[in-house]
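Paired with subunit B in one complex and with subunit C in the other, subunit A is shared by the two complexes that follow.
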Partner chain A sequence: MRPRRIIEVGLPRLLAWCLLGFLFVPILVVIPVALTDRDYLSLPQDGMSTEHFAALADWGKGWLPSMLTSAGIALACAVIATALGVTFAVGAWAAGGWWPSFMRILLLSPMIVPPIIYAVGMVKLWARLSLLDSYTGVVLVHVVLALPLTVLAIGASLSNLDQRLVQAARSLGARPMTVFGKVILPNIVPGVAAGALLAFVASWDEITVTLFITGRAVVTLPRRIWTSIQDAVDPALAAIATVLLVVTVLALVARALVERRQRQQKF
Partner chain B sequence: MALLVIEDLAKTYDKVTALAGINLSVEAGEFVTLLGPSGSGKTTLLMSLAGFTTPSKGTIRLDGKNITHVDPEDRNFGFVFQGYALFPHLTVANNIAFSLRVRKWEKAKIAARVTEMLSLVGLDNLAERKPRELSGGQQQRVAIARALAFGPRILLLDEPLSALDRMLRETMQKELKRLHRETGVTFVYVTHDQEEAIAMSDRIAVFNHGRIVEVGPPRDLYKKPSTRFVAGFLGENNFLSGHRADDDETMVEAFGTRFGFAPLRGHRERPGDTLTVWVRPEDIRIGQATGDEIGFRATVVENSFVGAVERILLKTVDGEEMVATLRSEAAVAAAPGQVVDCRIHPSAIGVLPGEASGS
Partner chain C sequence: MRNFKTTALLLTVPASLVAIGLYAAPILQVLALSLTEPKLGLANYQSLFANAAVGRVVMTTLKVSVMTTVLTVLASYIVAFAIIHMSAGWRRISLFLVLMPFWISVLVRAFSWITILRRRGVLNSTLMDLGIISTPLDLVYNLFGVTIGMVHYMMPFAILLLYANLSDIDRRIMQAARSLGARPATIFWRIWLPLSLPGIALATLFVFVFSLGFLVTPALLGAGKTLMIAEYISVQISSTSRWDLATSLSTMLLLVVGIIVFAAMRSPALRAAFVARPQQ
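Presenting the complex of A and B:
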């Protein structure tokens, strides 16, 4: 290879691989760590062990209940945030005028305000409303944090939709609810699904505000991880990370397969 | 009684007047075109008829009933949109069946009607396609079939052909005329294309600045316009300035000559008053005037071949420019720079009050 070619092609390529390595190696390293035979965070030394995976499934150790708690809260948050997001985004899309843009800024503000400031405010408010350390309190807070994500995802889907479809449907005799159910909703399914997924993930790994407003009753997975690393770094963390990694990869593969099948149907 | 009666309809947005007092009656089965330049109010009127725009003033009556504030879904008017606005997630058949499902027709009846509509617009074998798999012309047919499926009282069409190329536009014009004839549905059609309006309509309402300037059958508006705007907007026209001759009430002076003309309706010109004289390009001929014909001399400025005819730009002795369209063989003599004799029959000349240059 000539020197110029090394500089123009080889060097950028090397840099790209380094970057990829920087992104992925720390993630992949959790897999051997999860299989360690020691009870502290380390690489396997005298052979591999699945005891940390077994610990995850042990109800008494608290990991499993926390995962279920987080999953339940994230699911509730995804459902509520998506429902509200669809309502707002469709309303703003159909109405036009100045107030939708104003409301959009207001709705996106949870993304702009630093979570720590929001957390302090929520502690005060929830204390007054006796919602501290309650499922309702956590779900409500997560919904507020997830709402900007669902509104953005659904709004993006709507921006590609011809506004005259509403007029067309009404001229054909459809009442507003029918227009929503039979015309608008079927056309924004991808945006709604993306919004729901984003809301679920946002709730699933939310820690800052959750730390402030929960105690003993509601222990989400991020909260349990947080607590566990304060005394000893348990290799069970690496096991959890491995499980999540596998689930994520499976989800991505499933999505790719579904998309490929849809494309094949189209042609 | 007319099917649709529009009385004194007005619409203002903040300070902009979109419609300034529209009065129009549409008979059952008529093909009425709302023609005008963009921003003249024709689309606002159509949107008010559909119920998408709430008028500030006035009433719309259907069969004598006031429907000004009835919801669009309760009017039973079909609407064909400029960009078709087909439902992208539904097949052609389901697009057409939409209005029937909303009306809770029986399944068998819906299937029969969809088949009937598909064959009406000639798309029998495309029932299961999605709109994005169709060409522009096919999408337009689906949009029309969808709007006609439920048997609308009136079909409203908003520049439906503007997105199509010229050839397809002419085919679709004929298609629309056929559908109008076969279904007997009343059509209210918006366009800014005067050729389209002339070719299709029973009557044209010409719009300008939020008002209807003139209404009438295309032939009448073309042959006997009573305003300078319509004379200039519908077809090509030449305007010259003339004036009332001072000795006789029916004489007009123009082309360096004077000729008799019927008094203008509703106007009382005094001798010497300025008048607008118009003559269509196809009514100017080359050659020596005979009999009643008015003759004048003009210099050929430009001669361009445009297919069936030649367009010849003439300059009269008074310095006024006119366009004449001549059959090619008649135009041979008219080389640029040449001075030619021109002739016009007085019956082809129109006279309107006011200055020629103003609109």
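Presenting the complex of A and C:
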């Protein structure tokens, strides 16, 4: 009985932990490479050095301007995508019917349609409108790609909202805009915040379409990383990867702590 | 009454205009260009099917996508199955380990794999220092490297989908089976697996569709030697300016993805899994 149990329960569990290791251990390799004392991609040889992190802060090396570019574009994208997402999700929820359902499918389709196809279309369109390699062009494309996320996040919040709240407000004589602004909106704040955050991250990370609609003028952080990976020499690349890794882990830990506090408050 | 509904419909207008003008229109233009560039007709599609280079690219894409999908779904099922059987504390830790790569930039992940797998990379130098191999192995810039990178990219998605599906299954069925004397293997093959088929189908669909049109990881880990459709299209628009090829190939890709998704959504089990997915 015992050996059988090891094969049926122990082995799959061991395999699962190995696979979890496969998921996160390879990412950690950027940390020692970022600390190398050489000026090419390698593990530290005669001691560690932080010079590659210092290079990130050097304005002339281009990493800092790209970070600011990406942050600015992501912020603009988050504001616009959230505004469009909120109005659409709330309107579709309140109106119902075939038009909102149809538009919802169209708005969500960038999640399934391969982005390379969209890139081909946008290169043509932006070339005609002279928006290639412009901030406006990048922000608008990022808004389209972020909209599915904001619509889904806000939609999730709305599906928990009680329709009777709206009926009560309307039967008491509230005007339509009052219902939307003072009854619905305050009740979906968590969804709106989640949508804005997702839109920011989507824009900050976007590379596939950005690659084709930008050139020398607008160099987002992912675009600079992409070029740098193809050269594959500069250890500053490992340093920026380490910074992104640490920020992601801190954000996830912060979220876990907030969730834990909320759980404790409930009891 | 009418006033409220009109206001609600008006609220959907701005996002709809953006979706139509900046998403539907450019994509429809790609479809139109494939039929008109350089002249009206199906000539682009005829030359597409006669083009040997395109044939090779399509074969590579299918090979990598099928391998990625099989490996990803198998590995993700093992992980998701283990996670739902863990205690709450371990489950939180495991989900953290899944979410970390999920949120990390695809570029950072591709870069990590290049650092590990290249000829003078971490893996090769470690193996050579240990005397296991004498010459470095070719682990990246080929089919092997691309597939590893893609499986690593897709696994968090698939694990989260399968985890959501598996946690919905009523555990009392397994208790009943056990009390009737069923062994763990029997419970797995006769209960767990059949009940998780909708989740497996959904994960397979997602991973396969994402793989078909994936640009970043294949381009960086294949470096032009393992060429997949998305990268081939990107070469046509950025360096050779072959818009006929780029638009007709994009249209075919869109058509294939559309048919797969449409066919999958016709299956009631899959639609149910898609709609009833709980909030992650």
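Note that the second predicted complex is superposed on the first by the 256 of 267 C-alpha atoms of A that agree within 3 Å, B and C clash if a C-alpha of one lies under 4 Å from a C-alpha of the other, contacts with A are read in each partner's own complex, and residues count from 1 in each chain.
Definition applied: a residue touches a chain if its C-beta (ideal position, glycine included) is under 8 Å from a C-beta of that chain, and two chains touch if they have at least 3 such contacts.
The model shown is predicted, which means the values in this text are computed figures rather than measured ones.
Aligning the two structures on subunit A places subunit B and subunit C side by side, free of any clash.
In the superposition on chain A, A:S171 contacts subunit B only, with no contact to subunit C. Once the two structures are superposed, subunit B and subunit C can be ranked by residues of subunit A touched, with C on top.
Contact with neither subunit B nor subunit C is seen for A:L68 once the two complexes are overlaid on the shared chain.
When the two structures are aligned on the shared chain, A:V183 is found in touch with subunit B, with no touch to subunit C.
Contacts of A:L140 after superposition: subunit C is touched, whereas subunit B is not reached. One geometric descriptor of the composite model is the angle centred on subunit A: between the Cα centres of subunit B and subunit C it reads 90 degrees, in steps of 10. Of the two partner chains placed by superposition, only subunit C is touched by A:K124; subunit B is not.
Of the two partner chains, neither subunit B nor subunit C is touched by A:A54. Within the superposed three-chain model, A:D205 lies in touch with subunit C and out of touch with subunit B [touch as defined at top].
Nowhere in the superposition do the C-alpha atoms of subunit B and subunit C come closer than 5 Å.
In the superposition on the C-alpha atoms of chain A, the part of subunit A touched by subunit B in one complex and by subunit C in the other spans residues 170. Note for the complex: subunit A touches subunit B at residues 162, 164-165, 167-175, 178, 182-183, 186-187.
Of all residues in subunit B, those touching subunit A in their complex are 50-52, 71-79, 81, 83, 85-89, 98-99, 102-103, 146-147, 150, 156.
Taken together, the subunit C residues at the contact with subunit A in this complex read 3-5, 7-12, 14-16, 18-20, 22-27, 29-30, 33, 75, 78-79, 81-83, 85, 92, 94, 96-101, 103-116, 118, 120, 122, 125, 152, 155-156, 183-185, 209, 212-216, 220, 223, 229-230, 233-234, 237-238, 243, 246-247, 250, 253-254, 257, 261, 279.
Remark: subunit A residues 5, 8-9, 12-13, 15-17, 19-20, 22-24, 26-27, 29-30, 33, 41-43, 83-85, 87-88, 90-92, 94-95, 99-100, 103, 106-107, 109-110, 112-125, 140-141, 143-144, 147, 151, 156, 170, 176-177, 179-180, 201, 205, 207-208, 211-212, 222, 225-226, 229-230, 232, 237-238, 241, 244-245, 248-249, 251-252, 256 touch subunit C in the complex.
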